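Below is one structure; the comments refer to it alone.
Going in written order, the chains are labelled A, B, C and D, and every chain counts its residues from 1.
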Amino acid sequence: MREIGIGLIGTGFMGKAHALAFRAARAVLGDVPAARLELLCDTPAKRAAQMAEQFGFSRSTDDWHVLVNDPAVNIVSITTPNRMHCEMALAAIEAGKHVYCEKPMGLTLEETQAMARAAGKAGVKTMVGYNYIKNPAFEHARGLIAQGAIGTPVHFRGFVDEDYQADPESAWTWRARIEEAGLGALGDLGCHLVSMAYGLMGPIESLIADMQTIHESRPMPDGNGRGAVENEDVASALVRFASGAQGILATSRSAWGRKNRLGFEVHGTTGMIAFEQERMNELQVYQNQGPAAEHGFKTILTGPAHGTYGAFCPAPGHQLGFNDLKVLEAGAFLREIAGGDKFGPDFAEALEFEKVIHAIAASAREGQRVTI
Amino acid sequence: MREIGIGLIGTGFMGKAHALAFRAARAVLGDVPAARLELLCDTPAKRAAQMAEQFGFSRSTDDWHVLVNDPAVNIVSITTPNRMHCEMALAAIEAGKHVYCEKPMGLTLEETQAMARAAGKAGVKTMVGYNYIKNPAFEHARGLIAQGAIGTPVHFRGFVDEDYQADPESAWTWRARIEEAGLGALGDLGCHLVSMAYGLMGPIESLIADMQTIHESRPMPDGNGRGAVENEDVASALVRFASGAQGILATSRSAWGRKNRLGFEVHGTTGMIAFEQERMNELQVYQNQGPAAEHGFKTILTGPAHGTYGAFCPAPGHQLGFNDLKVLEAGAFLREIAGGDKFGPDFAEALEFEKVIHAIAASAREGQRVTI
Amino acid sequence: MREIGIGLIGTGFMGKAHALAFRAARAVLGDVPAARLELLCDTPAKRAAQMAEQFGFSRSTDDWHVLVNDPAVNIVSITTPNRMHCEMALAAIEAGKHVYCEKPMGLTLEETQAMARAAGKAGVKTMVGYNYIKNPAFEHARGLIAQGAIGTPVHFRGFVDEDYQADPESAWTWRARIEEAGLGALGDLGCHLVSMAYGLMGPIESLIADMQTIHESRPMPDGNGRGAVENEDVASALVRFASGAQGILATSRSAWGRKNRLGFEVHGTTGMIAFEQERMNELQVYQNQGPAAEHGFKTILTGPAHGTYGAFCPAPGHQLGFNDLKVLEAGAFLREIAGGDKFGPDFAEALEFEKVIHAIAASAREGQRVTI
Amino acid sequence: MREIGIGLIGTGFMGKAHALAFRAARAVLGDVPAARLELLCDTPAKRAAQMAEQFGFSRSTDDWHVLVNDPAVNIVSITTPNRMHCEMALAAIEAGKHVYCEKPMGLTLEETQAMARAAGKAGVKTMVGYNYIKNPAFEHARGLIAQGAIGTPVHFRGFVDEDYQADPESAWTWRARIEEAGLGALGDLGCHLVSMAYGLMGPIESLIADMQTIHESRPMPDGNGRGAVENEDVASALVRFASGAQGILATSRSAWGRKNRLGFEVHGTTGMIAFEQERMNELQVYQNQGPAAEHGFKTILTGPAHGTYGAFCPAPGHQLGFNDLKVLEAGAFLREIAGGDKFGPDFAEALEFEKVIHAIAASAREGQRVTI
C-alpha cells in the first residue's frame, strides 16, 4: 500500500490538527506511508468544501455516512463533539475502516465499551487521540523509568488544569450538559492525565475521589437566563496502582492561568522525574547519584537523542509544538496500518483509561472507594 | 517590661533556630522587647554549657525541670523531640510561663488537646513553631485573597515534600516509631501545610485520605538487622473546607530531590496564587484583568512593600532566609507578651491544625470520610 | 495565481524545514496560496529522488541550474551551505524567480551586497530565513514596545548561544573554514540576534567588539591530524543604536548546555521585556504600574490572542514549535507574492543585519569602534 | 582574645546589616570569637542612642573620631556614604584598628589606593563588604571550577542589575553626584560583579567599555527644578582575563523589574555554571558527561553539603537570606582576627576590583581599550 486514504470528520480544533498531521507525517517521519487526503466531512456542505480546499482534501461531503462508506477511505478520523463519536465509530468499523478517534471515545462508559468491543471483533486498527504520550519527552521519561533510572516508582502526582471554564460569566455551552458532553473536566482533560499515569505507573486498581462544580450555572448565549452546569469543573482522586504504588490525580477546567498544565511527578526509590506540558520540551530528572553537593534536578531539553524528535529537527532545544504531537500520532497509526508495531492506545487500551475517569466520577458521587 | 527572659530546651536544628531568633528579634524588628538569653537546657550538662556559651545564654542546666521553674525565665522554648513536648509544656504552664513550642505540639491528639486545655486555663501566652506562615510572601498571599484579588477561593492544592527518608538504606531512627515520633510525614511536614491551608482557606470540615509506608524497614544504626518503620512516609487527602471549597493535601518524606518543597495553589473565581517554599521570596499571582494578550502569572519578589520584609532589608529582592522566619515568629511572640496583638498560632489554633493531620491518618486507616 | 511552484535546493536541516513549511502553509494559515512542491534538488540524484518522494515534490534533479530555470518554479528556496548561496541566488534572480534564502545570505558582505543589489534591480521578491522574528511571542514583544508598554527602549541585552562547537574533540568541519563558511558563530547564530535587535530597537549605528576562537584546531574527520579553526567561536559587541540606546550582543557556539538560547532583554523607561528561545512560547513583561507590592515579571504564554498563533491552535498554552516558525515564514512569503504585505526581511533588510555581524568581526580584528 | 569589640559607624541599610551580623556570628558559626557590640556612631546623637539600644550596643556617640579612637573598639565598621569611607578608614587605621568597610572603598581610585596603602603599612586586618562571594552557592561554584568540573573556564558573562534609578521621576539624590558618590551603577553594583568575576576567572588584564546615563536629570527633592545626574546608570564592558579567557560585564541601576539580579555564566571547555542572586540558593551546572539524552542543567539547591550553609541549618533547601551573607562575612573577619585564615577581600584585593570599575569608566569616556 503506497498511500492510505484519509476520511476526516470535523474541521474544528482537532479536525485541523488531524489534517495537518496527515499532511506532514510521511514528509517528517520518512518511514510511514503517505496519507492521501481523500474526503472531508463537515456541515454545511459549503464549509466542508472550503476547508477541504484549504486542508488539501480531494473531495468533501456534508454526510458522514457517505464518508465512512467511501471505498477510497482507509482511515476514518473522528473529531466531532463527543456525543457523535460512538455512532460514527461503530459505522466506520462496520464498513471495515480503521478508526482514529479523538478522546474521550464515548459519552458514557457503555459507549466506550461498545466501541472497543466492535473494533476488537472487526479486527480493524484503532487509535485514540491521547497525543501527549507521543511526546519524545514523555517517551524518554517512560524509558528512564523502565531502565530503573529512578528505582521503583512508588508514588505519582498528576495534574491537568486549564482555565477555559474559569470565568463565571463565560456563556453556557453543550460542554456543560451530561447528555451532550458526558463528563466535564474528567472527560476533557482528566483522561489525558490517566493516559500518562498508565504509561508510567501501570494500571490503577482502585481509588477514592471528590468533585466540584464551581460555577453551577452560566448565562445562556442568547442572553435568556442561565443554564445549569451539570458536570464537574474540578475532580481529584487518590489512586492505588496494581503495582502497590499510590498517587493523586487532579483536574480542573476552572484553574485561572493554567492554559495546558498537564504534568506529573513520578517518585521512585532512587530518584524523581517531573514534567509539565506547558514546557513540553523539558524533562526534570533527579537521581540519587554522586556526592550530595552535586545533587539536583536536571532540566533535560529534548533533542535528537530523544526518540522521534530528530525527525522534526536535527538540533536539540529547537522545540516541538502541539501539532507535532499529532504528526507523531497520525504517523504511528499510518505505520501500524502499513504493518509496523502498534503504538496505541487503541480502543481496548483507551477503554482502560476511560474506565478510570468514570470510576472517579462514581467514587465522588457515592463517597466511597471504587475498584476498577 | 524592658526584657523578656528566655529559657530554651534543646540545642538541635530548632534549638539553634530559636536561639538565633531571640538574639536577633529586637535588633531586626525594633518594636519588640529584647530577649534576655537566660537559661539553656540540654544533656549532658557539658553540651548545655558549651552551647550556652556559643549562643550567648547566661546560664545552662541539664535539668529541664529546673529551667521551667526558674524565676528569671519568662518564655520556655521547647525544641526537643516530639515525645517530650507535652510533659515539658504542661510543667512550664503550671509554672506560669509563656510557652513557645515546636510543632507538632503533641505525640498524639490527646496530648495536644491537653496542652491547649492547660494553656487556656492558665491564661499564659503560647506560640507554636509554624514558621512558614510568618513569611511576608505568605502574608501577602493571605492579604491578596482577603482583598478579593483572586475572587472567591474555590480550590486548594497543597504539597509538602522532602527526601530525608527517601533512601531505603538510610538508618532507622526514632522518627520511625509511633511511640516516640507519633505520625510520620504528617506530623513532621504535613502539619505545616495545614497551617497554610488554614490561613488561606479557613477551617477544614471533612476529608478522605490514603497513606503509604514506602520503606517498611530500615537497617538499624548499630548494624544489627532492620527496624520496622511504623508510621507513614507519604499521605494524601482530599479535603472539604467549611467554606464549600475543596482541595488536596499531599506530603512525602521520601520524595527524592525535594528539600523543602512546601507550597500551594489557591484557585479563585477571578485568579490564582501559587507559592513554593524552595523559592520562598517569590509569589506567583494570576489575575483575569486587562486584555487576554497580556495575561500571565506575575512573579512577585518580596521586598519592603511586603509586610515585615523591610525590617530585614530596605531593598527588594535581597531575599530572606529560613532563620529570618524564626526571627519573625519569636518577634511576634515577644510583641504579644509585651501587650501587642497576637499573631499565633497559639496552642488552641495549632490544635485545629493537628486535628487535621490526625484525621488524615484516621481516614487512611479506616478507608472512609472523617469529619473534623 | 491559485498555486505557487516551489523549487527547493537542499534537503538537510533547513531543506526539510522549508519542505514541511510549504506543505503546511496554506492548510494552517488559510489566507495564503497553496504551494505546489514542484522540483527538489540535491546530490546525488538518487538522494534528490528519494527525498522528493518523502517530501512530496513532483520531480527531482541533481542540477540546481536546471531548477532555477524551470518554468514551473516560482520560488527558489536555497538551503545549501553558505558558500553556495550567492551564486544560486544570482542565477535564480536572473531567471526571474522569487528567492527564499537561508541566512546568512552571503559568505562575505560583498556577496550579500551583490545579492541585495541584484534582487532590487530585478524586482523579484525575496525572503531571508530569519525565522525567529516570525514567532508570535516576538511579534507581541514588538507590538508592546511600539504601543509604549515599557516606555522608551533605552538598553538592549541580547545573546545567542549553542554548544555544537563546545566539545574540543568534535571533528573539524567546513564550518571552521572562512572560505567555506565565512564567519563562525556570528554568521551562524549572531545574525539571528541582530534580526531581533533590529526589530525591537531599530538600526545600529556603531559598535566595539571582541572575539575568541576557543578551540584553535580540531581533529580531522579522517583521523589524520588536526585542522585549523579559522573563524570565531565567540563574539561580543557593545552597540549604539541610532535611537541613542545602547546594548550588548553576545554569541557563542561553544557554550555547553545552551541548545538554542537566543534571547533578549529590552530595558525601557517604564518597564522591561525579556525572552528566551528555549522557552519560545513565553514572554516576560514587567511594567511599573500599580502598587509596588504587586510588581513582578509576568510570564505570558502565547495563545490565540497573539497574532498568528491561533492559526495553529485555538487554545492558548499548547505551544508552537520550531517548524511552525518556518510555516509562518514560508506563509508570509507566499502571501507577499500573492500581493499581500511584505513581512520580510527581504535581501535589502537582511543586508542591514549582515552588515552588523561583519562590523563586529571587523571591530574585533581592528580593536576599535566601527561605524555602520 | 575572648571577645572582639565592635565600633560601628552608620545605622542605615548596611549599618543594620553589620550590627545583625556581629550579633549572630559566633552563635551561628561556633568557631569564631564573640563580637562585643561596644560603640555605635550616627548623627544626631539621639538616633545613635536609639539605634544602639535597638541593636544592643553598649554605648553610642555622634562623633566618629571618638569611635575610631576608643580603646575598647577592635574593629571599626564603616557603613556611611561612600565619600566618607576614606577619611574614616585612614583614621581607624592610624588608631591601629582593624577595618571592615563597605564597598566601594573610595570615592575615587586614588582614595582606594591610599586606603590599601595605609592598611598594608599599618599591618591591620581589613575586610571589604563584598558579601555575595561569601554565599556557599558561590563558594561551591568556585570549588567546582577549581576541581575542573567544567574544564578550563574560557568565557564569562556577568550582569548586575537593579531598578532603583529606573523611574525617571524619582527624586535626585547625592548618588547622582560624582563628588559625593563617585561612580554610579559601577560603584554601587558593578564592583560586586567584578568581585565574582575575579573569584571565578582570575584577574582582568584589559577591557573596552561603554556607558549610558539614561535619565540625565531628576526632580530635586524640594520640588525646585531638576538636578543633573552626573554618573552612569548603565555600563558595559568586554574584558580580557589574564588567563586568556574573555567575558562581558554589564550593570544597570535603571533596569525595571530587576531587584538584585547579580549573576554570571562561566563557560568552560567541558561544562557551564550559572547563578543568579535573586535565586541565591540555587546553582545551575551543566556537564558534558554521560549519554547526550541525559544532559541538562542541574539545579543544585544549597544545603549542608555546601560549605558554611550547615552552620545556619542542618537541612538542605531551607534557604539562606541576604543577612546571612553578612554573618558569614563578619564571621570570616572575626575568625581572621583571632588568627584564622584570611577570607577577604582585604583592602589590597578589593583595590584590584575597584581598579576594574574605574577602568571601565575610563574606557567608556575615552572610547578605547584600557589595560589594568
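One rule holds for everything that comes next: a contact is a pair of C-beta atoms (placed from the backbone, for glycine too) under 8 Å apart; a residue touches a chain by one contact, two chains touch by 3 or more.
Keep in mind the model is a prediction, meaning the values are calculated, not measured.
Listed here as common contacts of subunit C and subunit D: A, B. Mean C-alpha positions place subunit A and subunit B at a centre distance of 41 Å.
One inter-chain figure worth recording: subunit A and subunit D are separated by 53 Å, centre to centre, where each centre is the mean of the chain's CA atoms.
One simple way to say how far apart two chains are is to compare their mean CA positions; for subunit A and subunit C this gives 34 Å. Among the residues of subunit C, those in touch with two or more other chains are 258, 295-297, 301, 303, 316. Arrangement of the chains shown, judged by which pairs touch: all-to-all, with no pair of chains left without contact.
Those residues of subunit C lying in contact with subunit B across their complex are 140, 283, 285, 291-301, 303, 305-306, 316. If you check the complex, the residues on subunit A that touch subunit C are 12-13, 16-17, 19-20, 23-24, 26-28, 30, 34, 54-56, 162, 164, 258-261, 277-281, 301, 303, 312-324.
Of all residues in subunit A, those touching subunit B in their complex are 150, 154-155, 157, 159, 166-168, 208-210, 212, 214-215, 234, 236-238, 240, 245-246, 248, 250, 252, 254-258, 265, 267-272, 286-288, 295-297, 367-369.
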